[in-house]
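Shared chain: chain A. Partners: chain B in the first complex, chain C in the second.
Let's turn to the complex of A and B:
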């Protein structure tokens, strides 16, 4: 079996063994969204105005929640250091792990956002724009939070630190996505901004695994 | 399986960690058939030395080569088992080994029988006892094609039968032209090894 197939088989089995890691962020997202009308106002015109932005932020937080420990258990079990002995560049293996993580932990989040949109009576065209921004922006967000997770591997209880370190990289993605949502509400052209977000994700998916692998090596070198 | 002759050269390696000098100008060479036990008191740098040779800890001073080539090019010839569990708790014994070794089910199952884990292949690692978990990690030695074995405290948590089984396996490995480095505080009786004593730096 090739190393890639072995990696994929392992990630699938790990995802199946830890269903909570998939469902907890989904619960979190639905919980935040269902609290908004209670805390703010049940006025559907108001909710429709701010709903898409609320969903975007809640999805971002849910994503951070399930990515902050991306490499933690492999690191503390000592399996991560065994990756270095496989006959493949570490950055390539990290890239595979990030892709699988996005498929199994982030795509389910995106899939339930239409329900969240209905709960906040977000108009259909804005909802479609919201889904498009999430699909093209979350690969970049996953990469950045994975980098935060890798940088802080060595320190215990590091979750929030990794998020803080990566905050400056999240900001441009959030601003671009907000731009898309505002334009969608106005009914103006959104594709240029979506393309820009997609470019952001592509660059992140190409470069971040290299940075993550450097961070992992650094932390493995400092541990016993 | 007989390995190609392999040589491991450590020359003038020094290590300082957290402002403490662990060892200085350490030089030795190992070749096919050698077994080296790295000994020394706790904190003498045994694990650090093994991790350096395995390429997991950066060599700050000195050179380590395998067959005159830098370590990073020959990594797949090294099998390193550290004192972390080396296996994922949430996966079954067999899935862990299939991932780590790349071998198919029959070979991995045979390795599990050899280490006394017959009937445990579908158990999750977190359901095993400490010693069984260790056996699971060591089962990789039974399906390894790497000539250089680096074992950090391989005897920890093992019962007497398994200690003997492991000694036999190490002997068989070096007889095939492999080489083995390990650390332990209880020198094994049935192995013919050299000892490198660390912790003599003032």
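Let's turn to the complex of A and C:
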């Protein structure tokens, strides 16, 4: 069995052993969404206006919540150290880890956003646009928050520092996604912006793993 | 060819002594330029026909805003030097610039707000340049926080270097996306490629102040670099000697 297949099998087993890790961010997302009408007003016209943006922000927060400790357990049980000895570039393994994380932990989040959309009475065409933006934009967000997680690996008292450090870099993604949502509400063309978001994700997915691997190397080198 | 000019940068002691002299020169030069530029700008430059006297805050705001952005670029250069030549002094510079840069970013936000109140009628608007400056201040804060969280200075320096490089690639993207998102700020009043929209009697003192603030920034960065060098080398014999003499 190749290294990649074994890695995938291990991640599958880990995900199956800790279903809470997948479930908790979804739970968090639904809680944040239920706070919106409570804090604002149950008026469905108002909710429909801001609903899609609220869902976007809530999904972003939920994603940050479950990516914060992405490399922590692999770091403390020495798996990351073993990665250095494999005959594969570290950036490649990191990229795989990020893809698997996106599949197991971010896609479930995206899957429940339609329910949140219904609860905030978001119109169907906007909801479809929202789903498209989330699918193409979350890979970039996963990569960046993964970098935050890797940079703060070595320090035990970092808390949510990784999130704080990386969040300013989310700005272009959030702005483009907001542009898509505004256009979807107007009924104008959204595909060019979706393509731009996709391009951003692709560039992030190729370049960020290199930075993440540098950050991991640094933390492993520093600990001995 | 002798490589002495290059290798001497690896010596903290050499840097500490030289930087003290450079700091003195920078300090006096900045003081003269800032006094001349500020007096000229605040006292003698003509009143703006639209904004009245409130426009005079540009003699602080514009140089500080320039510096806030330039210092991030300077940090990126330091990060490249750190990774390519493993020069520890580049990391010291990065640490010093992050704090000074944050100070300038906050100063430009505050001076902008003070100018915005009489001109726009509000301290804050979600305009493109204000927003990207705010994001820049979060980037600076992130760097300072990351360095504070990691104990080993070498490791902290490299982590900050990675973050700076990722940030500097993203900064133009952030800037243009924010601009695309919203623009109601007046167009930039001083551009390098075009003739300024102000008369010479207004922009000459501004230029003097910009130069003054750049040199003042060099003075501040050199000062905190010296302090950081002393702190990191506190176990070295030359530092003990220095402290013993004082």
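Note that in this section the second predicted complex is superposed on the first by the 222 of 224 C-alpha atoms of A that agree within 3 Å, B and C clash if a C-alpha of one lies under 4 Å from a C-alpha of the other, contacts with A are read in each partner's own complex, and residues count from 1 in each chain.
Please note the rule applied: a contact is a pair of C-beta atoms (placed from the backbone, for glycine too) under 8 Å apart; a residue touches a chain by one contact, two chains touch by 3 or more.
No experiment lies behind these values; they were computed from the predicted model shown.
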Partner chain in contact with A:182 - chain B first, chain C second, else both or neither: neither
First (chain B), second (chain C), both or neither touched by A:79: first
Touched partner set for A:87, first chain B, second chain C, both or neither: first
Partner chain in contact with A:215 - chain B first, chain C second, else both or neither: second
Which of chain B and chain C A:9 touches, first, second, both or neither: first
Partner chain in contact with A:128 - chain B first, chain C second, else both or neither: neither
Partner chain in contact with A:18 - chain B first, chain C second, else both or neither: first
Shared chain A contacts, counted only where both chain B and chain C touch the same residue: 221
In the complex, chain A residues that touch chain C: 147, 151-152, 154-155, 157-158, 161, 164-169, 171-172, 175-176, 178-179, 200, 207-208, 211, 214-215, 218-219, 221-222
Of all residues in chain B, those that touch chain A in their complex: 47-48, 51, 54-58, 75-76, 78-80, 82-92, 95, 98-100, 102, 104, 124, 146
Complex interface listing, chain A residues touching chain B: 1, 3, 6-7, 9-10, 13-14, 17-18, 73-74, 76-79, 81-82, 84-87, 220-221, 224
Chain A partner contacts - residues on chain C that touch it in the complex: 135, 138-139, 141-143, 145-146, 149-152, 154-155, 158-159, 162-163, 165-167, 169-170, 173-174, 177-178, 180-181
